[in-house]
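Here come two complexes built around chain A, the first alongside chain B, the second alongside chain C.
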Partner chain A sequence: MAEIRLEGLTFRYPNASEATLSELTLAVPRGEAHALLGSSGAGKSTLLNLLSGLLPAPPGSIFFDDVDVGRLEPWARKVTQVFQFPVLYEAMTVLENLCFPMRELAAGEQQRRARDVAERLGIHGVLTAKPAALTLVQKQLAAIGKALMRPDVSLVLLDEPLTAAEPGHKWRLRQTLRALQADLGATMIYVTHDQTEALTFADRVSVLHEGRILQTGTPEALVDAPDHEHVGYFVGSPGMNLIDGEVRNGRALIRTGDGGVLELGALPVADGPCRFGFRPEWAVLSQEPEGLPVQVHATRTLGASRGETHGLVVAEHQGTEIFTRQNLAGVVPGPARVRIEPERLVGFRDGWRVGAGPAGQ
Partner chain B sequence: MNRPQNNRAWLGVLPVLLIVAFSAVIPLMTVVNYSVQDIFDVNTRLFVGFDWYRETLRDPRFLDALLRQLGFSALVLAIELPLGILVARAIPREGRWVGLILVLLAIPLLIPWNVVGTIWQLFARPDIGLFGQLVNGLGIEFNYTAEPLHAWVTLIMMDVWHWTSLVALLAFSGLTAIPAACYQAAVMDGAGSWQVFRHVELPRLTAVLVIAVLLRLMDSFMIYTEPFVLTGGGPGNSTTFLSQYLTSMAVGQFDLGPAAAFSVLYFLAVLLLCWLFYTSVIASDGERG
Partner chain C sequence: MRGASSKMAIWVLGLYGLYLAAPVYWLLRLALQSNQAILSGERDFTLANFAEIFSNPVWYQGFANSLTYVAINTVISVSVALPAAYAFSRYRFLGDRHLFFWLLSNRMAPPAVFLLPFFQLYSAVGLFDTPLAVALAHCLFTVPLSVWILEGFMSAVPRSLDEMARIDGHSLPYFFFRIFLPTIRGGIGVTVFFCFMFSWVELLLARTLTGSEAKPIVVVMTRTVSASGIDWGVLAAAGVLTILPGLAVVWFVRRHLVKGFALGRVS
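Moving on to the complex of A and B:
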């Protein structure tokens, strides 16, 4: 296992006018489960191919344990990958597939390792079968096993490995993968556009957007203190509510429709225009007159427990959509107020959270 | 098993049965009819049972032609299959040239068979043919009309030229269906070019290669036009294959009884070969699980 470092990695395809990845800096310590989260087109696949060595990287930009691997072949980098759908050698048995990446080891050692991993993955019963006889989930488990076989593997890449699995299986697969990662102490980079997968799998998550890493942090940090509006908006379902306002004397203010000014809370930053963000979980409809005035349009039920219906309230404040996540009892369309937990308010300027931003990274 | 029986459904299949009868069964039965009788004219006929079959199977010329036929099919398959795969692997998978390459490859397949024979008849002529002259220029006295070996070499080359494209195009279509991730995974496993072919490509090409072998086996086993034009079966009988011997029997000598028995045997041989090949593939497929 290795520590993975990106140092100002910039990559442009030949004949492309713009760089696909620009100035990526990231350190993934040994044995960390890291997730790269981004929508399609963010540059995830390119970064994946640069890490694996399918694409050569500029010198001095990718280090595995202080070795510049930019020009090394995948095999020399000791990188393995799990793909979106199970990739196995069709004519080999599962056991032969597992043994193939460690064909430099003695046969007995190969078998011992393969059986051990197969047991942990719960596919030891199908070791002698060919992939065609397996279910999709078993195949992907075998592919995951194959990626973990090399004794000296430095990095395991996972490219949306659960895409093909049915929703019911995803959770179990992710747990199996996570447990195995912890047991083996494998450095893993899990690439996905699915925030649930990223947040539940990883120790830390990097959010990739338009070829840049906007933020690297624990799942909690991404939720509580997003460094960039896009992180706030992209992480969370639905994402952060954003409204424009102004900071004066450390107070977050917005203009109400009738020309008045409303204080949302305290925000200890310099005076000036500011965009305020708060998650739907941090807001609730209330009757108190000092809340944010909104027009409630609809509710979306997400679940129920102990006789209470929970869900989303879809509302609007001066043309901006506002969501709150709360108990839906008694919520009716019409004018209402939204009370926001004042201490959780986040302020953004030029897209970046005040105090964070590229300079602060 | 209490399904309601409705015999009127048979009426529904009647048109198909009629078409099959006219296109296949009736002509075939005519041949079978001739093969068990000695027919002199409309009113004079003699039932001879399996005599024609016995006679054909004991005919040394038939057995020689059969042997040559098997040898020819085995040789062209042994060359065209690997060569076609090799060509297919050399074609780029994408890019602006792919279309042009495929069209160029397909050209031999679009040429009428007797024209192919004529092309090679001219091409290989030792006096004015480009190929014949070239070989003679190398100090080998090349003459496919006199030397059986030269005739065979020319014939095999002609068939390879004519049909390798078919194998290549089929194999190419199979290769393009292999997802890029399979290759990427193999690269990460440190697999070399041979291992990529053996473990990634070949298992996924099996289906198209079965079709390729089946087509080439049937076609080469029934080859007629090209050797007829190129060598006329000679020198001597050295390139006389089954179809040509059959034609000379039926059309040249008008031996309808033996020719009919020959036809039935020929048909059964093709059928048997294809069946043997197909079942062996299915069996090994089942083994692979």
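Moving on to the complex of A and C:
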């Protein structure tokens, strides 16, 4: 296992006019399960190929345990990878596939390790079969097993490994993977565009957007204090509500339609225009006259507990869509007010959370 | 309704099968009769025609020559086309698409176009009347075809297999021969089939580029007219034997053919 460090990693494809990745700095300690979250085109695959060594990295930008690995071949970096769709050697049995990365170990030890991991992954019944005889999920489990086999592995890369799995299985597979990761103490980097996957799998998550890391933090930090509007919007389902307003004397103010001014809460930052963010979980429709005036359009049921339905309220405030996540009892379309937990309000300027961001505003 | 239409389908298929099988049946029937019986319409059964072929060097040499150049052609085509198809499938280089199309456009020219240059060239370098001459001439057509077919199969294999092999520390040759080729063996089977079929039935080049030494079976068959007329029985027996290698190849690659066509084309 190794500590992985990126130091100002910038990468531009030959003949490309713009850098695909710019100034990435990140430290992943040994044994951490780290998720790279980003939409397609954010540079996830490029970063993955740079980490694995399929693409050479500029010198002095990628370190495994203080060794600059930028020009090393994948095998020398001791990385293993799970691809989006299962990749196995068709001519070999599952067991041979699993044993393959352990070719430096004795045969008996190889078999013991392979059977152990296969049992944990629930594929011990198909060890003697050829990959062609397996289901898609079994194949991917075998590919995951293969990536965990190498005894001196420094880093395990997972590229959206659960795409092939049915939604119902994903949760269980993720838990299995997480348990194996914890037992082996493997440093893992899990690439995904699915924020639920990232938040439930990883110790820490990095959000990648347009070639930059916007924020690295625990799932809680990403939810409670997103450093960037995009993080607030991308993390969460649905993402953070954002409305424009202004800060005056430490008070978060927005203009209401009738020319009045409404205070959403206290925000101890410098005066000036500001964009306020709050998660659907932090807001609730209220009957009181205070609160953000909205027009309720619809509700979406997500579940029920103790006989009451819960879900999303889809509303609108002056052309901006506002979601709240709450008890749906008594919610009807029409005008209403939204009460926001005032102490959780987040303020953004130029995209960055006030107090966070690259310039340390 | 469904019963009726499936009954209809069986009839149509049955008739079509009959249509295809009738000449083969007739050929087999002729092959097992003596020339006199064929001409007079008597009933007869004899293996003498086959005995004639296996004892007369003109006949069995014809088969040997044909099989030799077909085998050489297939080996050359597949071994040349494999790396070429891999390059087209995996690398982007200047003019790759044009080159790929140009390869296929070679197939558009009828073989007759190349007769004269081949004849002169081979005569000049002393290749005339050898199996190698025919094999090389056929390569002009089978190599582009092979590249085209194999490229389809290789492109159906995800690139992550190559990447996985690199991460596992395999060299390119090890990956190519031990991992990649077994993965596309269906495609190789289909390619062998097409090379074989082209080379086995091609007549024009094979006849022009050979004299007496390397005369292929299809040519021998066209020269059975003797002073005593056409030897129908022996000709039919040779025809039956000419069908057999094709059947054998289809038999060996039949599993790959079905699987292979599906892989390379549909999905």
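FYI, the second predicted complex is superposed on the first by the 359 of 361 C-alpha atoms of A that agree within 3 Å, B and C clash if a C-alpha of one lies under 4 Å from a C-alpha of the other, contacts with A are read in each partner's own complex, and residues count from 1 in each chain.
Just so we're on the same page, a residue touches a chain if its C-beta (ideal position, glycine included) is under 8 Å from a C-beta of that chain, and two chains touch if they have at least 3 such contacts.
Quantities reported herein were computed from a predicted structural model and do not represent experimental measurements.
Asks: After lining both complexes up on chain A, report clash or fit for chain B versus chain C.
Replies: After superposition on chain A, chain B vs chain C: clash.
Asks: If you count the residues of chain A that each partner touches, which comes out higher, chain B or chain C?
Replies: B
Asks: Can A:Phe85 be said to touch chain B (first), chain C (second), both, or neither?
Replies: Touch status of A:Phe85: both partners.
Asks: Looking at the overlay, does A:Ala129 come into contact with chain B only (first), chain C only (second), both, or neither?
Replies: First partner only.
Asks: By the touch definition above, which chain A residues appear in both interfaces, chain B in one complex and chain C in the other?
Replies: In the superposed arrangement, which is not itself an observed complex, chain A uses residues 52-54, 73-75, 79-81, 83-85, 87, 89-91, 100-101 for both chain B and chain C.
Asks: Note which residues of chain B are touching chain A in the complex, please.
Replies: Per the touch definition, chain B meets chain A at residues 179, 181-182, 184-185, 187-190, 199-200, 202-204, 288-289.
Asks: Going by the contact rule set out above, which residues of chain A touch chain B in the complex?
Replies: Touch list, chain A to chain B: 52-54, 73-75, 79-81, 83-85, 87, 89-92, 100-101, 129-130, 132-133.
Asks: Going by the contact rule at the top, pick out the chain A residues touching chain C in the complex.
Replies: Counting only chain A, the residues touching chain C are 52-54, 73-75, 79-81, 83-85, 87, 89-91, 100-101.
Asks: Under the touch definition given earlier, write down the residues of chain C that touch chain A in their complex.
Replies: 158, 160-161, 163-164, 166-169, 178-179, 182-183
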